[in-house]
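What follows is a pair of complexes built around chain A, which joins chain B in one and chain C in the other.
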Partner chain A sequence: MKHTDSGSAAAPESGQADATYVFAVCGRGCDPAALAGLSGQAAGTPVRLLPFGSLEAVVQDVPARAFGEETLRERLSDRAELEQCARAHHAVIAAAADTAPTLPLPLATLYRGDERARAALRADEGRFLAVLERIADRVEWGIKVYAGRRRPSTPAPPHQASRPRTPGGRESRAVGSASRPGHAYLERVRGARDEREQRQEAGLAAADAVDRALRKVAVAGRRLRSHDPALNPEHGVQLLNAAYLVDQERAAELMGAIEQLRRSPEHRGIELEVTGPWVPYSFVEGGDPVAGR
Partner chain B sequence: MPVGEHAGEVTSWEGPESGAPIGVPLVDLLDRVLATGVVVSGDLVLAIAEVPLVRISLNALLSSVNERVAAPWGNGGPL
Partner chain C sequence: MTERTITHPASQPSGPANLADILERVLDKGIVIAGDIKIDLLDIELLTIRLRLFVSSVETAKKAGIDWWETDPALSTRAHRDAVDEENQRLRERVAELEAGHEDRDDTAESRNHRWHHVKEARRP
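This part shows the complex of A and B:
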């Protein structure tokens, strides 16, 4: 464990030395045995603990060459390499989190040797302690809401229903559409547009409703970027991509709330997808605390 | 131990309630390991979340429609 001053950081100036890759920061008590079998971001060097202040970092010596800015840019532009790096990063963090409160650092956080890492981490010790306290005994759940592919089971044929909320352009349609084909066409176009707008509105309202409902169970919530629909062609438009920080003991309650949302008739048109539990990646920097918690 | 008994599920990821495919979904993982995290001060060689580096690879994987919620419907996609 005390790998600190030997070997790895021996020749930082040469550019050939190892760099110190930092996966996470843990409260003291992380079990080194849990990290023993992990290959991390480099073959042949152990994933180990680096004490600093009252905490420990989960680190590994990695060849500086493979993590130089240019090389890294190239590697991470390759989907397979990016995936490999991300999964290796996650595997170490998940293993550490299994044994101690763990605060994940971003992918590819690197220092030129242990001493530099230690000094930098130490400067942030206060903040790390605050975050560790905040995420202790809590996990993150990811919730994504998609507009359902299927139409709601009360379909609105373009000619009727679902128009009362949209202003303008409707009054005349019942009267003249049959006799004036051009007019009827315009009416149909307008009708389709109105309908789409209503579906958008309804979708966003549903996403907000889901968000509100889940925040009742969560300590904090955070909206992430929505995914490009091209990433998930089997799904409809993504209406919500959110993460919630939830007390571990309230997991069942959260699942209950999700089940209720899924069954609720007013949310029939949307699909909910759950991922988790995650180490609280999304709450290292905050998220919006739920009032009163 | 904040993750406790759940941590194993994160790695194997087949909780029946998750409805997720086996293995942590890559896009969701990238949401987390790239877009978030603390930025550590000091002698940082590289912190991806704060460096344009990511955008190269991420553009192919994640398209940010951040704070422009209406954007997905630009093409009149299904709802």
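This part shows the complex of A and C:
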């Protein structure tokens, strides 16, 4: 049956089949019991292991109809569905990673059936093995650095706010600010701006220092995009959003380094936030000197 | 293995910040398989689905205020620069990888052209 890309109304008769949703690839030894009871991306079908070559994939049968391109797009345009899918995907990966080294796959990696999945996975077995070796006994930690919440000194409004502004104020700056409240105001604005810029410079430098310090403990580090401050209003601007791949046995050392950074007087203006340990999502692809390409 | 925020118990575990942490990982990270599988219903291959999925998810995220793609330009420019450079590098590598993967596979030239045809279509709004 052939359907075209655009504008094809979903043909109900072709929606019967299941698709194989692949969550992750594990080294052999993933405990199926850890996956039992997870709802994954579909209610009613188990999250299971699909062996291929010397490895196993964590998969689930999902109704192809619900995972067709248009349908998926629609579903994931809904914030609640997006959140549910993302959390379900993550939950399966985290559960698998509790029992065996695990390579996460991005959300919505789908195949027409187990055999198609197996064929695709087997073709990449060598790459999986190399990356699995690299992340074995290592976890990802997320570190965010926020600008501190010191309030900027907001300039007071001018006394005579209604006075019309005159253009070309530059040359009249020499006039004493006592007699020109508008100019005093502008100077305060300028001062506040300079102060803010200095603080930003200092914050970025501090973030760089944090990054350098943590890379010393980590096997690898990667900068992620900063989150919008609106996301997390209780914090200031995000100066650094980074992920570090760290040997499991060096977790205490990492925490120690973070504590030290927090206590350091030169970093008093910033806040550090730690998340983790994560499955090494950010370190399974790219920038990989081990994986032969 | 679960994510937890160690230092700021104030930020709710199921709150939007945490969702952003998850989204940036499950949408944008992970090991990509240069697969050639299409969803039965629509004759679209995996990469196309992912591209569109990604775009629509980003749009969704933006609507919901989960907007890690843009921040206050006054400060974000520098904070972002390294991240974006790394990102670009990684995407270039990924594209090279995918292209190499396609060539390595035992696919016929026709099916390759077929797939990329769809990718191009997908990018055209």
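Here is the rule we use: the second predicted complex is superposed on the first by the 234 of 293 C-alpha atoms of A that agree within 3 Å, B and C clash if a C-alpha of one lies under 4 Å from a C-alpha of the other, contacts with A are read in each partner's own complex, and residues count from 1 in each chain.
Basically, contacts are C-beta pairs under 8 Å (C-beta built on N, C-alpha and C of every residue); 3 or more make two chains touch, one makes a residue touch a chain.
Here the structure is a predicted model, which is why all the values come from computation and not from measurement.
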{"item": "Clash or fit, chain B versus chain C on superposed chain A", "value": "clash"}
{"item": "First (chain B), second (chain C), both or neither touched by A:Q248", "value": "first"}
{"item": "Which of chain B and chain C A:A136 touches, first, second, both or neither", "value": "first"}
{"item": "Chain B versus chain C as contact partner of A:P101, first or second or both or neither", "value": "first"}
{"item": "Partner chain(s) touched by A:G276 [first = chain B, second = chain C, both, neither]", "value": "both"}
{"item": "Which of chain B and chain C A:R65 touches, first, second, both or neither", "value": "second"}
{"item": "Partner chain(s) touched by A:E234 [first = chain B, second = chain C, both, neither]", "value": "second"}
{"item": "Touched partner set for A:L49, first chain B, second chain C, both or neither", "value": "neither"}
{"item": "Chain B versus chain C as contact partner of A:L110, first or second or both or neither", "value": "both"}
{"item": "Touching partner for A:A86 - first (chain B), second (chain C), both, neither", "value": "both"}
{"item": "Footprint overlap on chain A, where chain B in one structure and chain C in the other make contact", "value": "19, 22, 67, 69, 72-73, 76-79, 82-83, 86-87, 89-90, 94, 97-98, 103-112, 116-117, 120-121, 123-124, 127-128, 131, 139, 142, 147, 200, 203-204, 224-232, 237-238, 241, 273-279, 281-282, 284-285"}
{"item": "Touch list for chain B against partner chain A, complex", "value": "1-4, 6-11, 17-20, 24-49, 53-54, 56-57, 60-66, 69-70, 72-73, 76-79"}
{"item": "Footprint of chain C on chain A - complex, ascending", "value": "2-6, 8, 10-11, 14-15, 17, 19, 22, 25, 64-65, 67-70, 72-73, 76-79, 82-83, 86-87, 89-90, 93-94, 97-98, 103-112, 116-117, 120-121, 123-124, 127-128, 131, 139, 142, 147, 200, 203-204, 207, 222-232, 234, 237-241, 272-279, 281-282, 284-287, 293"}
{"item": "Chain A partner contacts - residues on chain C that touch it in the complex", "value": "1-8, 10-11, 16-44, 46, 48-50, 52-53, 56-57, 59-61, 63-72, 74-76, 78-80, 82-84, 86-87, 89-90, 93-94, 97, 100-101, 104-105, 118, 121-122"}
{"item": "Interfacial residue positions of chain A with respect to chain B in the complex", "value": "19, 22, 67, 69, 72-73, 76-79, 82-83, 86-87, 89-91, 94-95, 97-112, 116-117, 119-121, 123-124, 127-128, 131, 135-139, 142, 147, 149, 196, 199-200, 202-204, 224-232, 236-238, 241, 243, 248, 251, 255, 269, 273-282, 284-285"}
